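First chain A sits with chain B, and in the next complex the same chain sits with chain C.
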Partner chain A sequence: MPTITLKPYKTPELMLECYNITPDVFAGKKPEEIAELEIREGKTRVKLGDFFEASGSSGMTAAETDIHIAGDCTRVKYIGNKMTAGSITVDGNADMYVGGWMKGGKIHVKGNVHSFCGIAMEGGEILVDGNAENYVGCAYRGDWRGMRGGTIRIKGNAGNDIGTFMLGGTIIIENNAFIHVSTHAEGGTVIIKGDVQGRVGGQMVKGDIYVFGNIQYMLPGFKQVDKVEKEVDGEKATFLHYIGDLGERHPKSKGKEIYANLYVKA
Partner chain B sequence: MAELLVKGGFVIDPTRRIDGDVMDVAIKDGKIVEKVGPGAKVIDAKGKVVMAGGVDVHAHVAGPKVNVGRLFRPEDKLFKSPNAQKNYRMEMGFSIPSTFKTGYDYARMGYSFVMEAAMPPLHSPHVHEEIHDTPIIDEAALPVFANNWFVLEYLKNGEIENSAAYVAWLITATKGYGIKLVNPGGTAAWAWGLNCLTLQDPVPYFDITPAEIITGLIKTNEYLGLPHSMHIHQNNLGNPGNYEVTLESLKLAEGYKAKNKFGREQVMHSTHIQFHSYGGDGWANFESKAKEVMDYVNTQKNITVDLGCVTLDETTTMTADGPFEHHLNGLNHLKWANVDVELETAAGVVPYVYDKDIKVCGIQWAIGLELGLYAKDPMRTFITTDHPNAGPFTRYPRIIKWLMSKKAREATLDTFKHKDKVIDATNIHGIDTERTLYEIAQMTRAGPAKALGFSRMFGGLAPGMDADVAVFDLNYKSMPSDPEKIEQAFQRASWFIKSGEIVVKNGDIASHGNKRTIWVNAKVKENPQVMRDIHEKFLKDYTVGILNYPVHDYLAPHPLVIDVDVEA
Partner chain C sequence: MPKLITQVGCPYCGSSCDDLEVLVSDDGKKILETHNACVIGNEIFHHVSSPSRPKKPRMRQPDGTMKEISYDEAVDFTAKTLLKSKKPLIYGFGSTNCEGMSAVARVAEKAGAVLDNCASICHGPSFLAIFDNGYPSCTLGEVKNRADVVVFWGCNPMHAHPRHTSRYSIFPRGFFTTKGQMQRTIICVDPRETDTAKLADMHLMIKQGHDYDLFDAFRTVLRGHPIPEEVAGIKREKIEEAAEAMKKARFCMIFFGMGCCHTDGRNHNIDIAISTTRDLNTYTKASIMAMRGHYNIAGPGQVWSWQFGFPYCLDLSKGTHAHMNPGETSSIDLAMRDEVDCFVNVGTDAGAHFPIAAIKHLKKHPFITVDPNICMASEISDLHIPVRVVGVEEPGVVYRMDNVPIQFKKVIDGPEGVPSDEELFDMVYKRMCELTQTEPFWILAKGHAQASTPTEH
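== the complex of A and B ==
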């Protein structure tokens, strides 16, 4: 696949807002044109070329375009914003909003990501080798329409507010998470392979949560109904099955109330 | 101030029965004049339509509930807030735009005035701060009265004179404009967790009915001779089958005659009538009763209405009808904010998505337009969206398009998932009426200006009136066959001159203009009983002192005061 390589050569004084680093924008452009794209450093309009050296070639469409950021993006926000296809690889860390409002394609961050990774995501795939800060796959502030589809896999730890207002898709945290998982969710699946401190599924209407480790403080709105064996993300285990959040409204289907499911490894 | 000459446009001015004549409009010192000197700056309006500035009779554009909407809906700004422009302020939001965007958007559409439709008296300083912060357009605000403890007590005892003295005191203290009723009695009942869904439901504790409040405030209004009539958001808003209550309330105006010096003829303005023209006894057989309601309105010269058209957008509902917002939240399960305003009113805010693929939303859309098309007197029927309740005010051009073009209505109907069901429940498909530009000028300019009692200033282009002149890129002699062009023309005026100053050029803001706050200074004969009641209630019931209550002059630094003196 034709690859555009961006090599960071200057550390910005303020955070860079790079809404333009997506295969959709890069497709059909030459490296010289890509260097001319507008980004913002704080509120100041600057060019991508002021901070990155662009080389290689892009495909005709987003799906045929690969972006390789050969360096650290600790101060670069909005990588892959609203992307629909293609792929992005970041060799180091990335700042906030990686893959925000993403509809398709693939993003691989080899380091850590900051908050809001996969915010309001609709499709595609995000893979983070390191840790994520807060708000993985959450909704935009105030919005009741969170993540609808796609997959986010964080190989390390994640912070708080994972999958807030989630409607669909899958979030996998391979290590530990802090607090607030699937708050207000009405669908989707969150899998946590490690421990969670608490507030799991608060005001959750529908959807599934799997916790392989320990929940330190269980919410009182969840009730154990069963013990089940399930294969989750390639691992077979026995889980205690809870339903909830009993303090929240629940829709009815065929006369029966539908609850959110919380499975905790027995 | 410089002289201007808007030259050679197709002038449409219903106040002088001018319909598309090619004329010049001369402007000097902020007023329209007979003619100007040869040195006047010429604005070429050749091949374009020239109208007076628009007058919006009802929108929620300033004050605490608008701000609650802004605060609790950050998502309303997401991807809808262009970056800062060179010379002008940042613009934010869609259904609850920032104050600057509000002023800019109205100006771009060639509007010169907007009425903030519900001012909680206790929070009137906030309302005025926001009004002052909104550039270009002139604004006024209607304080709400229909759930106010003083009013309920005076009207219960049939004391119209006392009610009038209190209303006059409050309008003047809050720099308000007239008498607004929101769910008469129902909002007061909400403090007990109840509502008044019919005109006979007694208000708890006060033991007065909505019907008594409505007639009492019509009488109060005519006793005072205010520029505007009483302005009512009726009981039982938004519920299937509510058209019967609507007709019953409208009939309460029968027999009353407007008494005022401002050229107003109506005694009742019934707002966002779309929300009150529903048939059926549930959402399953929900249907339009637009014809029944409009047939009655057509026969009654002392009633004006505004449409409250549903625009099929994602928006934010906000009203002093507290119980209704609670009910709405139970239907859509989104966010809900609710507040009580001590002794006076309440308010609620809930986001709402009018989805074209939901049958009920499609029917609501049709009802708003049917009302606009059935109206026999466009001078008494005004275009609104009850902004932001049925849609944002920035959709007025789209409503104009729908009213002016059957083709545009059919095109929208064709996008509905439940097109056939919407057609079955409404009459929109069978209506061939297409409104003319003259009628649109009546419904957006001359009509509302007359109903608000300032037709000597706004709504027309006669010499002596305020120089608010909008030029739209539409050829009167050959209207575009593509209705989208109508919407585009009204969305961004080619020119808009406000108070004699060019504020919009080619659809872009050119100046922050000279914004004014219009308020009514109502004087009545000294009424010791009412003054004693007011002081007593402030000592006993209010949590604020009376000296901290009124809106001080510095909050409305550019006032245009209309004096009303009952004695004079």
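== the complex of A and C ==
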């Protein structure tokens, strides 16, 4: 696949807002045109070329375009914002909003990401080799329609607010998480391979959560109903099956209330 | 003859008492006595005549000392610094009037700044919960006249809002609450035995940081499901008893404070409190209210929502639209992540309230304080601009904690030559327009509006 390589050569004083680093914008552009694209540092308008060295070639469409950022993006926000296809690889860390409002394609961050990774995501795939801060796959403030589709896999730890107001899609945290998993969720699946401190599934209406580790503080609104054997993310295990949040409203199907499911490894 | 001014508003806490009486000397320059105010309110009125109060802007010199400069120089420095910065942060507004907040917002818009208020470190999480889940609230008048079960969750009005309990929530006799305190059941949820908890009929001594769990237990009980034997350090029977008291109320009122919105989970604690209020409305009338801290801290939420669509954490640096996402555009996060390169502190004391690490980051760049008094922020600033004290020397509109607007009065004249917040920021706005050679159209619009409407109150 034709690849555009961006090599960061200067650290910004503040944070860079790069809404333009997506295969959708890069498709059909030459490296010199890409270097001319506008990015923001505070209220000042700067060029992508002021901070990155662009080389390589892009495809005709987003789906045929691969972006390789050969360096650290600790101070770069909005990588892969609203992208629909193609792929992005970041060799280092990335700041906030990685894959925010993403509809398709693939993002691979080899370092850590900051908060709001995959905010209001609709499709595609995000893979983070390091840790994520808070709000993985959450909704935008005040929106009751959170993540709708796609997959987010964090190989390290994650903070709080994972999958808030989630409607669909899958989030996998391969290590520990802090608090608030699938709060207000009405669908989707969250898999946590490590421990969670608490507030798992608070105000949850529908959807599934799998926890392989320990939940330190279980919410009083969850009740154990069963013990089941399941294969989750390629791993077979026995889980205690809880339903909840019993304090929240729940829709009815064929006269029976539908609850959210929480599976904790026995 | 000293003059007694009645129905004076108190510029202290979120109760915004408007029944104070102030005795002013013959010449209208000195406050002799205040009646009806709490100790803190009383102190604010007497503080204005303190001889140590600064009356001129002070600029930090290369040797570290502060030198008095003129207001024109201070305005020029502020305007130039704001224009030069890539992303200035203008924060504060706990203690000023809505007119000042509106003027500052125009400066922020011109400067491409981030505009934030004390809610950011106070009831900001409550705002987020309100965005997510609505706000089934009422006015304090309704509380006084109707509430027979009052819950204080993570707040201590006996100390933070001294007259709240006597004017609205525990003691007063209202239209349907003719027996006052005798008729009210007070429930206090607090990990400590505060003075409010001592007054309560029921004190749920919650394990610190487990507010969400306890709310979830209340909701589960209200829907008729069983709960574990103990939740958040409180026995099942006690939770059921409290839930029953709330259900049986004719009007249940929940007041929440920092103890609820600043423990782990923050906005989610308030979010589930709002859900609990909604659940309670299946059985009775229930309502919820944030115990806002300052007399006009509800003001910026009102003014800026009207101007820009968001109450706080407004990033106006985009030039085309306002962007708001606390966690990114909130003052502490901006400071800690080195995302701003100029700080203007207005009518609050960021020096005392911010974490030291945040202040250290902010101090790398120009630091300006606009405040009537010497405070910690003013003493570390590069420039300190004193202004008149709202509610004492300057009238204006303020919003009480229940979002009711109240016209505050001025009782004495301010020190000569010292402007109000509104006047000062209008001067900064005009200077910025001069420097950028643009039309000061907000000033023109304001002049036009004032000419066409009577201003007498």
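We take it that the second predicted complex is superposed on the first by the 266 of 266 C-alpha atoms of A that agree within 3 Å, B and C clash if a C-alpha of one lies under 4 Å from a C-alpha of the other, contacts with A are read in each partner's own complex, and residues count from 1 in each chain.
The definition used in the following text is that a residue touches a chain if its C-beta (ideal position, glycine included) is under 8 Å from a C-beta of that chain, and two chains touch if they have at least 3 such contacts.
Since the model is a prediction, treat every value here as computed from it, not as a measurement.
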Clash-or-fit label for the pair chain B, chain C on chain A: clash
Partner contacting more residues of chain A (chain B vs chain C): C
Contacts of A:S87 with chain B and chain C, given as first, second, both or neither: neither
Which of chain B and chain C A:W144 touches, first, second, both or neither: both
Touching partner for A:E41 - first (chain B), second (chain C), both, neither: second
Residues of chain A that lie at the interface with chain B and also at the interface with chain C: 43, 140-142, 144
Footprint of chain C on chain A - complex, ascending: 13-15, 40-44, 96, 115-116, 134-135, 140-142, 144, 160, 165, 179-180, 183-184, 198-199, 202-203, 217, 219-221, 223, 245-248
Contact set on chain C toward chain A in their complex: 85-87, 111-112, 128, 131-132, 210, 212-213, 216-220, 222-223, 225-228, 231, 264-265, 268, 271-272, 275, 279, 317-319, 324-328, 337-341
For the chain B and chain A complex, residues of the former touching the latter: 72-76, 78, 84, 333-335, 351
Of chain A, residues touching chain B in the complex: 43, 140-144, 249
